Structures are given as structure tokens and as C-alpha cells.
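Below are the C-alpha cells for one structure; questions will follow.
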């Protein structure tokens, strides 16, 4: 219990320090608003278009992979924690290792498949795209 | 120690927030978030009562619910992405090529 | 096993015909349909049943195996033949073959499907007449409708869609009502029966096992079931107020289909009435004698009058068969050996004769492409054989002695006069007999206008002799009619043997 | 069975394992060369896998695996899974449907992208359904339900460029996500009340009694909601028309037959094992009478489905609504359960299972026929079906068989299965349910026969042209048709097995 | 296992406070102390050490005017940064833009709550310490997204996305490698992990080498360090704020104190990374002769030095190379490491 109270305290401090610094600087800093200053920085040029630019779909792919694998780590951790004590209490290696091997094996198959299908490939080669479009037609 | 029934109230509240968001928002992503809220309401119950009953069943199942929620989001965002490509919008009410 | 073989062969024939290319279909169907004919004749020759299959008599070729064990009542595959069903089976096979032959000319497209459906229907009809388990019987009974629906709907005349749907809806609703009626009867019987075999049910009913169900007393339940079933079958027969689907179906259906419809399908209704209502619930039937007799006479007279008013040859025949089926009902309700027997005999006889008439009309139509009495006259000059047979058939219809029609109607009237179900019976009989006069009236009228007199035909078709394979079936039918008329006993003895047990049934409750 | 003594127990889950492995193998095949993996190989593998799984399940059934004859149900992994007759029976349904769908997809997917993904998704979904039928704990129920659902979402939205498919996928997913959240919350409530997720333990803890009956009722209600989604019955049925209409037809077939059956499988087990009516109706704090709930749902569902179907102009959509109606019929299996029903409970449940099996054949076939029509590029409305029979009599005959069988007309499997269902309902005293059902099926004849009428009786429009004769689709459809017909004479073993295994639940 | 009083408990003990009040006060005081330690270290690292080290690599002499070794440059720098005008570009999404600079240092500081920094110098010691550390450390990516999204600037957006991609791509190898350590410890509790490493591995010529996992499983250690580098976005993985490609990435539009906060956050993250690495692989605060806290500081400064060395010595990867290394190299390797460790441990046991 006390642990979490302490952590909460750390959280408070973690919020408090930045706030304090902001106040200090708010007292110190000047404020001279100008047109030029507040323009969005685009290497000194006049900003064009919206900043919400469309970006590479691969970012989404990566995020997707992350969601999958990160969740798997959640399921792996409990296993790692009990692994050794279970062994010491005489669980046979097969019973305690095989399931996790299967689990990771399935994951790896998924990863390999995603890999081959270019989920983690940042730029698709135009040749491959052409092949696909031909198949589509 | 907080009595277990209070957690029921808390989770019910979270669940209702989820329902509310789900009923009031037409943005598919917000819809997903609301669903996440509802699922996590379930998790609150599971964890709280697994503590209350003194078994880890609830906690373990909570992990699975997390995992499935993530998987659901993964699929869902994919669908929403294609939705955006086809309808140029993520408004769930936009897509009405078929009549109800 | 021969019954199963018969049905299976016919199904197989249907399947084969269905997948054959169109140009062989007709001939193949004819050839294949000869197998059931031979089979049925063989059965007739081997026939060794005695008494009524439902009332403890021994049915011929009986098989009885458990098919479905479902809760309280087992469903059996039980088939068998007795004196009532045997003639109808022979009638079915022969008439189907002849109908198939008569279809060669009129059916021009999608033949393989047409003939396949004809054979499919024949198979199901055989099932209807042989099944002795209610469930099996009901499946066949319903399965007959499906091919009929297509035969009318696909190959029919201009208003065929309307006719097909009307037929389908009428008969299906009727079946539903009948089914509910019967099932309520079954639940009324409760534990006294262990299966849905008709003999078991009939005997249980005789033993007075009927109890109440759903808040009805035994008697009330019996009445309700009787009415429901009577309604269901009366639509099929058809009895006067419920007959409206028939003319449409007949007029729109192609000739061979009308032949099957009038010749066999209507008999399903009367057969079922005899098997179910009048065998299982005789007391209730007797108590309902008056309304039933009224209905019978009504259909006789009303059908005849309507026929009188028609211009379309086919409609004439259609309505006249309504009136003839009225006789059957009359005979059934008479509850005398001649009445019920005659009714059964009339089923066969009318099957042959109405088939004959429809075919004759069809032959004329094939050449003239019209059926309107007003459109033609003096056909006898151009197609003497057809005309001759037409006339013969017509006389058979009027009940000319030495023809099946005469025998049947004679038996029915004899039975009806002897009937003791109520005092007024002779009165009804007299009224019914008056129907014959009208029949004679409209038939003579129609023939006089179409066949005789100076040849006149407003229509640009070349009128020639009908091809042999059109006329041959007519000839065969005529022959059979005469044979039956000369010696009715070839069927009547076995029929009487089967119907007598029904008459001996005493009051059940 | 000596066999069962010789092999380890986990082999009882062989069908599920085979399905899952096949799914992975498909992925691997697709991995070898993503761009040029052959459609034939993939379809073959998928079909082979599902057939193998089905074969194993059937063999187990005949050997009596997990039934009284061999020492009762086999429970595995801390009772999380149970292999008994019921699970095997349903596995048979899923696998046969999956096999038909895979065969049919061979033509449907020809020249499309992402074939490997399609088949493996189908296989994974089937695995999930098999696990649903086996799951003996609310945890496994939820996990396997998601395993069945998530691939389905992707499958429905499979045509990435087709707005209808995307919309269908979206709606299916949104309602699915909602209902799964509701379902999870319901589970958490039940866990809160009983402190266990294992179905038998829940029942045991309930019989002790509980002071949170209200919470329990809410939980049961929410769990029922989750099943209502999976089985496309009121009140979570909205997705069904959209999803079935928009999805690729083989997927519609898969969902409306297998997925629905899976929902029923797990619903049957959960409600009969975890919440025995005798227990939950006699709780100290009050009564949670779910059979009443299901009775109401059944009536509403079948009526709504039928009336909505009658008003459709689009054949696929009509079928979608009709499948809602059939969900209503199958619900009778739960609705007609009574506290002191005894053997009647098992009978009606078994009848419902048998109906689901027959339904699996006829409905899959019907949707596959639509898949063929889509392949031909004919339109989707009744009018567009005019005169198909004159061009493709065999397929049209098969479709006619499906339609009449769905309507419950003799002489097809649908008739006898409906008869069994209604009859057993009457036996357990719910004659009014049976009556509603009978009236509904009489009504359904109207819209089913419209299809038949259009195909056979209406004249084909001049432009009606039927291109190829897709082999796979034909094979699948004819297989389904033959199955539908043969299930009439061969109904005895089906109903017998179904009722035996169902009786084992009580 | 031995239970050592955590810092908060010690303080509350010193103040003689009991119960919840004691916990709260002790926690606050302890948190304040630790936070300030971190601030001081960052202050040294940011304006001074960084420049010195970089200069040393270039064989130059950096800040050396004010104070010994120019240490006092810290003060003017701090004043300069704090007193700059805060320019709020048009079109920024205000609440998010303001919140982000707070989140980044917050997550880093929170991570330190569970790090054992020497006997008794550990604010809190929950059973799930390790998981907690990783969890709060990755809150930072949320702040990064907010900066990029709120700034209404193309560079910022892309920079933020890159940053998140980097974080998540290397998060998994990081965590999986940590898991391979957990197999040894059988616990997620930081103190427990440290305690396990205290046991002697082998003793060569009187010098006993403890079972630091860096010795036990150097492969995992290497993996972890590399993944850590990517996590904190330093060369060769500094694509999030690659100045030559996208100006300054997500912090392009930030100035004055907000910039300071982000900068601060990054440095504290470096230290946090070092701290976790030290705790997992280098026996935490353990070490001969010197007190634990000193060893701890040495270790994390060593890590800092390492990052700066990498910054000056190694070229930056292209973004696609970066992600392919992550997904195809690190991920597979870390899984292999996990499985092998499990098998070896299983076979030995």
C-alpha cells in the first residue's frame, strides 16, 4: 500500500516540478508578439497547406504489429515469473516450456508472414506493386 | 480496505460512460474508445473481485480481455481505414449504401 | 419390397430423364414409365390382400420398419396395398404413361425437365396411395404439389403464373389445416398409440381411446379434427365451394398435366377422405351426414350448371369433373357397400374417362390451337378418329351402359338409395341423379357445336388428322373404360372386400 | 473405447487442432510467395483441413468419445475445455460448412488478391467456433468467441474496394465490438457474484445461494445479449441484413450458418450448465428465469425475421432476414426448457441442434447459389433471377431444393427437422411456441417461393447471359443439395445423436 | 527474500509519523529528494557534460570560462532558457501543446520511483516494479504524439510519428529481453532483482564476481543496451529529431521553458534507461568499496557517456533501415534470446 502512495507522491512531484518551472519562466520571460514569430516554421517559407499531412501507411502497419506483439509480452511476463519456481517445484520441462514455445511459434509464423507480405517493408518496390495490380485486374 | 461492492459501482459508472459515448458519438474512432472503456469496466470488476474472492481467475481473464481488446482494435482500425478510403469519412452514419 | 422398388425405379427414371438432353427426353420417359406399369400390373396379379389395411385386414406387399424415433411417437416407413389402393395404383401408372405419350406433341421446350417432373410426380403419387404411415403419407402428399406447381407454372397457358400460385396456395393451406387437425387427433389419442401408423391410429380410434386435448372433450376434438381434415381434403377433391382453383389450374395447365390433375390428383382427395375421415371417424362422419350430402349434391349440380355455361371445352370438362367428384362424396357418405365401393370405383372410372376427355380436347387443341366452342364446328370431317373417341368418352361421362362411368354411377346411386345414414338420403340421391341430365345436356351441346354440323374454323391453322401417338392414348383409355364397364368386378370385388370392414364399424364413442 | 485409454486426453481436441494447424499452414503457403500462391492449392488445403477435422469429429461421435458410453465428457486444461458429444456434433456442422465454403471460394476468389488470407481467416474462424462448442469456462467462451468473430469482421470487409462490403464490415464490427463489450461485462458481473468462471462451478456456487441476485440477473442478461449478437437474433440482429448483404456471398454463407450455429452451441452449454433453470429460478433473492426471456426472444425473432424477409426485393437480403427467422426457430431449443422437463429438455435441445445441422446445409447452399449468381454478374433482385432455370437447370433445381427446404416443405430435410423441433416443443408443453413457429414457416413459404417462381416461371430477360460454369461452386451447391435431401430419410441418426448428446447436458 | 525499508518508509520513520499520513509525507519528501537528484544530474549533463564530451570527441575544448571546468555555465544557461519568450505559433492545439512538455519529464521521473539507488535509497518497491518502470517510461510516447500533433507543423508531425514508431518498434525487444532476465529472478520486484544479482557467480583468485546478468547473459545485455538507445532516441537511432532531415522533429515549434521541459525529459529518460539497465544487468547499486549510491550514479553516468559516445561516433540510420533492424533483427533476436534462456535454465534446473 505505502509503495503506491509513495509512487503517487512521485507523480505529484513529477507534475509539480514542470509547473513550478513554467511559473518561474512565466515571471521571467518577456512577451513581444509579432506576425512573423507566430508563423508556423517551414524553413522560413510561407507555410503552405495544412499540417495534417497524409503520411506513410507503414506507420499504421508498425503500430498494428506493435499492438499485437506488445500484448503478447503481457502474456509472456507471468510465465517468465513463475518459470523457475515451477521448475523447482518439479514441473517437468515439457509441461512448462512447450506451451510457451507453441505460443511464440505461432507469433513467429505471424511475424514471418507479415514480413513476407511487406508489412515491415518501409518502401514497396514498384515492381511488386505492378505484379499485384496485374493479379487484381 | 475498500468493500468490493464499491467497485461494482465504479465499473458500472465507467461502463455507462462508454455506453454514453457510444450512443452520442458518430466518429468510428470515438466509438472504439467507448468500447474500450466498456471492456475496461469489465476488467475493473474482474480484478476487484478476483481480489475479493481470493483467486487469480479474474486477473488472468483480465489479461485476456486486454489482449482481445487490442486485437479488436487492430481489426477495427483496419476496417475504419478502408471505410475512410471508400467514404472519405470516419462517420459511422455516412456509410449507407444499403437501406436499414 | 416391390412397392419400394416401384417407387425407387420411378424416382430414378425421373432423375435420368431430368438430366437427359431434350430431344430424347420424351421417348426415354415413355420407355422408363413402362417399368412402373409392368410393376403395378405384376402387383395386381400377385395381389393377395384381404380386408381393409387400416382395420386389421392384411395389406399386400406390406413393409414396416422404424424410420424416426422422435419422442413419444415413432415414425415408421410403412407401406402396403389393399383393395382400395390397388386399383388407384394401376390407374396412376397407366395414366402417367399415357399422359407422357400425349405430351410429345404439345410440349415443345425444356422437355427433359417436363418429363422428369411428370415421373417425379408419378413416384410421389404411388407413395401417396401406398403409404400406411401418416408421416410418410404426408410427405408424399405434399411432394406431389411441388412438381404440379412447376408443371402448371412453367408449361402452362397465358395465365399460368396466377393458376400455379393459386393451386399452390390453396392446396398448401389445405394441407396445413389437415395436418393440424390430424396431429390434434394424435395428441388426443395420447399414450394409446406408440407410432403414427394409420392402422394403429384407426384401430385405437375404434377402440375409443380418443381423449381430450387442448381443452376439448373427446367428441368435440373428433368433430374439430374431422372438420379440419375434411376441409383439407375437400379442397383437393374439390368440393363445391372450395373448387375455384380447379378450373384455372385445368385451363392453364398443358393437356398432359390436366390429365394427371383430373385423373389422379383429384383422387388423392377422395382417397384421403375415405382413408381418414370416413374410416377413422365414422361416427363423426355419420353425424355430419347432412352437411356432407348437401355439399356433395351441391358440387354435382353446381359443377354441372357451371359446365353448362362454359365456352371453353377444357373448362367444360373441368367443371364436369367437379360434378363427378360430387358423386364420389355422395357415395362415401352413403356408408353402404355399394355407396363406398361405388365411390371408390368411380375414382378409377372417372380417372380414366376424364383423362380421356382432357386428352381428346388436347388433341383438338394441338391442331386448332383453340378450345373455344364458338371458334370451331364440324371437326368430325377433318379428324374423324379423334371426334369418334371424343364422342365415346362423352357418352362414357354421361353414364352410357357398358362403360365404366355407368357402372360407377349405378353403384353409387344404388348405395345411396339403400343408405341409412339419414332419412333424406334418397332425396339427395334423386337430386344428384338430376345432375346426369345436365351433364348429358352440356356434353351433347358442346359436341353438337364443335364436332358436327358444317365445318367451320376461324383460325389460320391447317386442320389435319392427329398423329398416331396423339390418338393412341385415347384409344387405350377408351378400351380400358369399356373393359371396366363390361366387367366391373375385376376391381369391384377387391374394392368391396376392402370397404366392407368400414361399414361394419360400430359407434366408437 | 480402448483407443481412448491408449492416447493422451488432449487428442480429443484433434478437430480444433487440425483446423488451427491448417490455418497456419495456409499462412505459410502464402508466405512462400505472397504474390503467386496458387488459388487451387490454397482452396484444396483449406477444404482438406476442414474435411479432416470433420472426419475426425464424426469418427469420435461414432466411437462415442466423451459420451456416457466411454466414461462421460472429457475435460481438459483445468476444465476450461470439455469434449463431449455436443461439441463434436457442432464441430461437424462447422467443418462441413467450412468445407463447402472453401470449395466454393475457389471460384469466387479466382483472380482476386489476398486469397491465402481469406482461407486462413475462414479456418481460424472455424477453429474459434469449434473451441466455442468445447469451452466449459466463461473465459474460454469469450476468447473463442472473439477468435471466431475477429476473422469474420475481416472476411465481411474482404472486398476492400467495394463500398457495400466495407459498410457491412463496419456495421458488423461495430455491433460486434459493442456486444462483446457487453458480453465481457456480463461475464465480469457473473464472476463478481459467483467468484468463478468455470460453468459447473458457477452452477455450484449459485446453488449455495447469493445476495447479489440482481447483479446476477443483469450479468445473465448481458451474456444473453452477447449470444444474441452471435446468433443474429433480437435485439442484436441489426447487423445481420447489412453484413450478409454486403459481404462476399461465401462469407455470408459461412456466417449465417456456421457462426450462428456456434453462437447457439455456446449458448446452449452456458445456460444449461452454468445457470441450470432449477437453480436460478429458486435463488433466495429472486429468480432469473432465462427460458422465459428466450421464449419471448424466439417469438419476436422469428416473427420479425419472417415479416422483414417478406418485404425484401433483394434476394440476398431476403435470405439474411430469413436466417434471422431461423435463429428464432433454433431459440425454441432454449425457450422450451423447463425446470422439471426431464427428458423433454434434452429432446427439444437436440431437435434444435439437429435443425441447425440441416440448416447448415440448406442455408449454406442457398448463399452459395447467390455467390454463383454474383459470379455470373446477374443482378441481386428477384426480378434479376427471372428465368435462371432455363439457363442453368441443375443449379436452379438445387436452389429450389434449398428454398423449399428452408420453408419446411416436404420432401426435404428442413421439413423433418422443423417437425422434430416443433414436436418436441409441444412435448415440453410449449405448444404455443410451436404454433407460432408453424405459422411463421407457413408465411415464409411466400417469400421463398418467390425465388423459385422467378427462377422457373418468369420469362428470362433478353439480356440474361450466364457466363462460366464454375466447377467449385457447382460441387459445393450440389453437395449441399444432396445433403439437404438425404437428411430426410437419414434424419434418424442425426436426431438420435443430437438428443442423446443434448440429454447429457442436463 | 529480505525486505529492506523503502526510502519513504525510512523518512516517515524518521519523522515519527504513522499510517497513511506517514506514507504520504514520507512519499512526498522522498519523491522530492529523488526528483531533485535527477534534476541536478540533468543540469550537469545537459548544458555541460554533453558539450564537454562532444568536444572531447572532436578534440576541442568546450565551455571552460566560468567556474572550474566551466561548470558554472549551467546557471546562465538555465536563466537564458527560462527567460526566453514563449512563442505560440498560430494554429496550435492549445491544451495538448501545453500538456505535452509536462508529460515527458513526468513519465521519466515517475519511472525513478521504483529504481533502487543504493541500500535503502528506493522510493517505492512494489512487486511489479519492473513492469511499472517500463509502463511509465512508455507514457512518454503519448507526450511525443501530442507535441507533434498539437504543433500544427509538418516537421513536428513527422518527427513525432517517427519517434513513436521508434519507441514502439524497440519497446518489444526491450521488454522481451527484460523478460529473459526475469526468468532468472523469478520476480518483477526491483529489490528482488538486485538481491538475486548479489549472489556470487564464481570467484577467481579471491575476487568473487557477482551474478550480474551482464556477465550471466552478455548477449541479452547487448540487446538491451541497443534497444535502450533506440528507446531514448539517441544515435544511431535519433531519427525522431534528425536535425538534418526534419529540423528538430517534434520539438520544432517549442521554445523557452517548454523546450527546456522536453529537453529535460529526454535527459531524464536517458538516465532512466541507464538506471533500468543497471538494475537489470549491473546489479543495481551493488559494487565494491564505495557506497551503493555512488556506484549507481557511476553506472548511469557510464550509460550516459556511452550514449554520447554513440552520438559522436556512429552515423544515423535511415528510417527504413531503422525499422527493419527493429522488426527483423532485434525482435527475432530477442525472441531467440528468450527461448534459449528458458531452455538453458530449464535444462540446468
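Labels for the chains are A, B, C, D and E, by order of writing; each one numbers its residues from 1.
To be clear about the criterion, contacts are C-beta pairs under 8 Å (C-beta built on N, C-alpha and C of every residue); 3 or more make two chains touch, one makes a residue touch a chain.
Chains and their UniProt names: A, E = NADH dehydrogenase; B = NADH dehydrogenase, subunit K (Ubiquinone); C = NADH dehydrogenase, subunit M (Ubiquinone); D = NADH dehydrogenase, subunit N (Ubiquinone).
Values in this document were obtained by computation on a predicted structure and should not be read as measured data.
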{"item": "Chains in simultaneous contact with chain C and chain E (NADH dehydrogenase)", "value": "none"}
{"item": "Between the pairs A-E and A-D, the one where more C-beta pairs touch", "value": "A-E"}
{"item": "Most distant chain from chain C by Cα centroid", "value": "E"}
{"item": "Innermost chain, where centres are averages of C-alpha coordinates", "value": "D"}
{"item": "Centroid spacing, where centroids are CA-atom means, of chain A (NADH dehydrogenase) and chain D in whole angstrom", "value": "38"}
{"item": "Distance between chain centroids, defined by C-alpha means - chain A (NADH dehydrogenase), chain C (Å)", "value": "80"}
{"item": "Whole-Å gap separating chain C and chain D, where each centre is the average of the chain's CA atoms", "value": "43"}
{"item": "Chain B and chain C: spacing of chain centres that average the CA atoms, whole Å", "value": "66"}
{"item": "In chain A (NADH dehydrogenase), residues with contacts to at least two other chains", "value": "70"}
{"item": "Chains touching one another, given as label pairs in label order", "value": "A-B, A-D, A-E, B-D, C-D"}
{"item": "For the chain D and chain B complex, residues of the former touching the latter", "value": "138-139, 142-143, 146, 150, 153-154, 157, 160-161, 163-164, 166-171, 173-174, 177-178, 180-182, 184-185, 187-189, 191-192, 195-197, 215, 238, 241-242, 245-246, 317"}
{"item": "List of chain B residues in touch with chain A (NADH dehydrogenase) within their complex", "value": "60, 63, 66-67, 70-71, 73-74, 77-78, 81"}
{"item": "In the complex with chain A (NADH dehydrogenase), residue positions of chain E (NADH dehydrogenase) that touch it", "value": "6-9, 12, 20, 23-24, 26-28, 30-32, 34-35, 39, 79, 82-91, 101-102, 105-107, 109-110, 112-114, 123-126, 131-132, 151-158, 161, 164-165, 168-169, 171-172, 175-176, 179-180, 182-184, 186-188, 247, 252-253, 256-257, 260-261, 319-320, 323-324, 327-328, 331-332, 335, 338-339, 342-343, 345-347, 349"}
{"item": "Interfacial residue positions of chain A (NADH dehydrogenase) with respect to chain D in the complex", "value": "106, 109-110, 112-113, 116-118, 128, 131-132, 135-136"}
{"item": "Residue numbers on chain A (NADH dehydrogenase) that touch chain B, as the complex places them", "value": "60, 64, 67-68, 70-72, 74-75, 78"}
